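Chain nomenclature is as follows: A, B, C, D, E and F, assigned in order of appearance, with residue numbering initiated at 1 for each chain independently.
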């Protein structure tokens, strides 16, 4: 049995449930998906500050997973917080949902648009696109200005996101949409059906990427940058609050 | 049952067998892998000329697959011949092995080296790396100067390829290796075991990428560049021989 | 006497006549221009599929030219189909019209716009601009949505193309126009006169580039990527029809 | 009186003393420099993991500085940990030492080499060079393989670093050196004197950059990406230990 | 006493006065700022032609400064004319105002817009942004179409520039403005106050950059490209007039 | 009769003779080539300083050519000094030899090496390669360390340059050579014969590029950046001497 942990880097359990449900729906037979809610950090991630403070929680989850023999990890926030550090710590593969979503989109069309939550996160998505080599496929990043935690509660959320996707396709001349927040995972199929183009959810894309890597027996290289980090003395203490 | 065709763009059936075997070994339950040998074109692909003349055979295979309701395709030659055209013609996803191998490698280390057959193909691999946004991860492309069809017959082939991989890691300061020929697919596990780093075979990587896309219900976008090509009158005739 | 073949990669002879006429009008004394219509492939090239199936015909023409001692070749379709393979096969220089048109435009202004036929070909033009290093001069690519074979028959074609050029200059803030189809070659002078900016036709630009290379005694290097391709066994057969 | 805090992101007070001394030596009249040792996190930063866990301490320091009315901040670790988040939180300017060192080097020659501590951090420096637009000036990044905390205690450290700088200039054909660790700040003048080229220490460079920004009355823009982060509920808890 | 010359590359003394005043207002204690009006060349710089003919005057000023023991130089025209040559000739640092302004802007936001005088100079600013690695921060370059010498005399100039800045922020989604002409130096504070974002004047930014370099004891490297130029025989004569 | 001026930007008449001879040898019937020696500036160009002071002489020559109705210009120094300004001033096309040589090389192989005179000019060649989009073809720039004026007088010069070319091909894995100095124009054929690869001389390449542009009736666009420069008052005076 392959065990994959899908880590929600924020502390909102309801969002973990949605994410784990989406991941579980695509996992192959013989693959067990577990949703993990971060134990420390912000309730949602909408700034560099939030993201920075979510990373210790992600790493604590990965440390725990390693003790329990987990085979691979998904980091289920579109900023891919803590990805590099998690790769140092984990033996198996670690994939971020932005990374997986963008690469998946690159297989399906000539260019994609990202539709995300708040405009202030556009810069981070753009830098991730560059980081992953996906800048040449990413034709635009657009905000729907719905806060992360309202995606679930706002009855108009799906409609607003759908219209933002439609506008993005038109404005960018793109032919694929990437949803830029794990909280949009369960909207994916309906938006795709409505717009008639591939719409990518990073949670499922990353889950299947991890599953594929485990199937191929591939793990993060420990030869270079992602070698196990050297032992250190750490001084603990509370991070700053919000 | 999901049906994936793994198309060998050259006309050498023995190579198709190896490829199909590797693909089948990683495919999930409920996925049927079929190896398809191209019916027209060169016996192996080692030049732009070979590659150009292999494309009609790839497209003929995809056309046939469409009539038979195939769910997705792998193009199993590291030049990814005919990929764009195949995407126009197929309803389901089409993935090249260079594309899949490089993206897979980008998940596992800070930079990869490609080890390929003849030096004259290095330029094509470099352009594909750029095309897929993988240039920033690709630290070097190296030839072992073994012709494609000798990979199987030459008793020293695996050893030569292994040493080329070892040298490449050192010369490039990379931490992952990508094997640059479908004919190397069955060497992958042994080389990885010997070198202690991830070694990527594009055939298995592409097969699992197609499988994942089909699982997610994702197909090539028909909105833009990859829309079904317009009907045309074609004049047929023999291509130039080698 | 220098002999240059201007190869029309589609099978429409009337288009070859136009192209050869434009090429002949600029060729120097002592240079014989011959228009060659491809013997196999599509009647016009408006998709990756068309382009892929046009390449064997281009290569057959070059093979024939080599037997006849031709000094250099122009590939007269804006996708530059088969350029790399033709360079392997030919002794003398081979130039694509997209390549020549973009480089010519780069000498004459700070940035150019391309006006092409169908929007679905924009991606290919963009990749060629990148391939040739011309991305930094290319400020936009615009479609007039006139099919290739209608450029000649549609009485409004020149007007529509002219207005597309005018709009492109304005939208892109560019100061030069590149016509993105060999079928527009004979519109070039009139559009330039009307708009008051340089308008580049790739057929004449490529013809003079080949002529200049022959004058300087320069041929494709056979040291590396463009060395004569290795001999192979080829299996012939009909390519898929449209 | 302008107040600038030079934050040492690791928890080693002796290193803060060195840093603060170097910063103080260049500060203008009317500028008070205070060295701040991070209260939480690792004793030195030599991996992505260390860096990730140093960020909460950096942000806690900036939060405290804001309450005390500090005018600007230097983040004195060559990974520039927490820079984006600190810019959201601080009113005045925040500068990383990698950022300042590389930009300073770009004014003084045609290309620089970075000499850093452990090879495993080279990837991070390369990404920062890209992030700051300095990739075109950065001709190589070299490790001297001295751990951060040994820079001070190892009697051969300065000699080893000097030789690494000399080798880097030769290997890269560069004409300026950037020291890639705050712990090398006090070696700068001597190495420069020995090698006869500019050698840049980021601590002094960043301190003077902050001082200049404050003099010009310039602060981080709050219009876009660096606006004050939205209020959130945070769950606190111990990060994972080393 | 540190002596910095702020060289106005055009021959209009009134503009030198404005520039020197702005530079002097930010210089530290112990730093003497001298404004230098070029003795040969055009009255203002609004074309490549003007810029080319301003360079000999800049170099004559630097030659004179070297004889007088000047510590560093600012070239106070947004085209940074003669920067490379001046670096060869001067012992101390030489900084252009475009270089300094763009790098300063990169510290303060996620992206900046440049507002310059005439549209015909946009290309040059774009190339400088690339040259300095600032292309990734520069989101747009906009002309207010006020000639350089009218910036001072036109009573509406500041208002027009302010509105151009406001429009640029909106159009580009940027959060910082760079003023693209030394003649705008004295408008900087007011525009910033009105728009509520950082507005950068290159004259003050470059002056403080030179001051910082001198404080750190840093000079242009003489190891490579900026070594003292070899002695030559020169034929003198009048340049072409305007 | 088409009249092309080949301007030698240095003041050494013997070098002009060589250049004009090479240009004349390739010009078509009906094309008159005139070599023009710059009347002001340095005897040879081997630094940014030399180059800057050569530009007024180039522009004076172009101004004179315009009065005499010249059809097009070649700037025959590998730094392409004054190219942008000359394009503003001239009605017909202006081509630099670096520009023409690099673009010509890009047609003939997969990558070229530049062999130039002094190492201190490598940076300038690299920036021109970038400027013209040729960076992707340029695999290395190498100095033979022969001063420009010794190319003619040193009896070993051709041998030294030939060996530098041979080494460059090997070191860079390139298949074409570009000679990086107008003073090497007459060595081109012999080196090519000896090395068996295309060797490009920019003087002939640029001359034929200008001739081709004139044949096509193409001139520099006056719509944007290269519009005629605005009239100005100029203060004349001697530039600084060497």
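One rule holds for everything that comes next: a residue touches a chain if its C-beta (ideal position, glycine included) is under 8 Å from a C-beta of that chain, and two chains touch if they have at least 3 such contacts.
Everything quoted here is computed from the prediction, not taken from an experiment.
Trainee: Going by more than half of the contact pairs matching by residue number, which of C-F, A-D or B-C reproduces the interface of A-B?
Mentor: C-F
Trainee: Mind checking chain A against chain D and telling me if their interface is mostly the same residue numbers on each side, over half, or mostly different?
Mentor: Copies use mostly the same positions to touch.
Trainee: Centre to centre, using CA atoms, which chain is the farthest one from chain F?
Mentor: A
Trainee: Give the label of the chain whose average Cα location is farthest from that of chain E.
Mentor: Farthest from chain E by mean C-alpha position: B.
Trainee: Averaged over CA atoms, how far is the centre of chain C from the centre of chain D? Could you give it in whole Å?
Mentor: 52
Trainee: Quick one: report the Å distance separating chain D from chain E, using the average Cα coordinate of each chain.
Mentor: Centres of chain D and chain E (C-alpha means) sit 28 Å apart.
Trainee: When the centre of a chain is set as the mean of its C-alpha atoms, what distance in Å lies between chain A and chain C?
Mentor: Centre separation, chain A to chain C: 44 Å.
Trainee: Identify all positions of chain D at which a residue touches two or more other chains, and write them in rising order.
Mentor: 110-111, 123, 224-226
Trainee: Which chain F residues qualify as touching chain E in the complex?
Mentor: Interface residues on the chain F side: 11, 38-44, 46-53, 55-57, 59-60, 63, 82, 84-85, 87-89, 119-120, 122-124, 127, 130-131, 147, 224-227, 229-242.
Trainee: Which stretch or stretches of chain B touch chain A in the complex?
Mentor: Residues 26, 28-30, 93, 95, 99, 103-104, 106-111, 132-137, 169, 173-176, 189, 192, 196-198, 200, 204-205, 208-209, 211-213, 215-221, 223-226 of chain B touch chain A in their complex.
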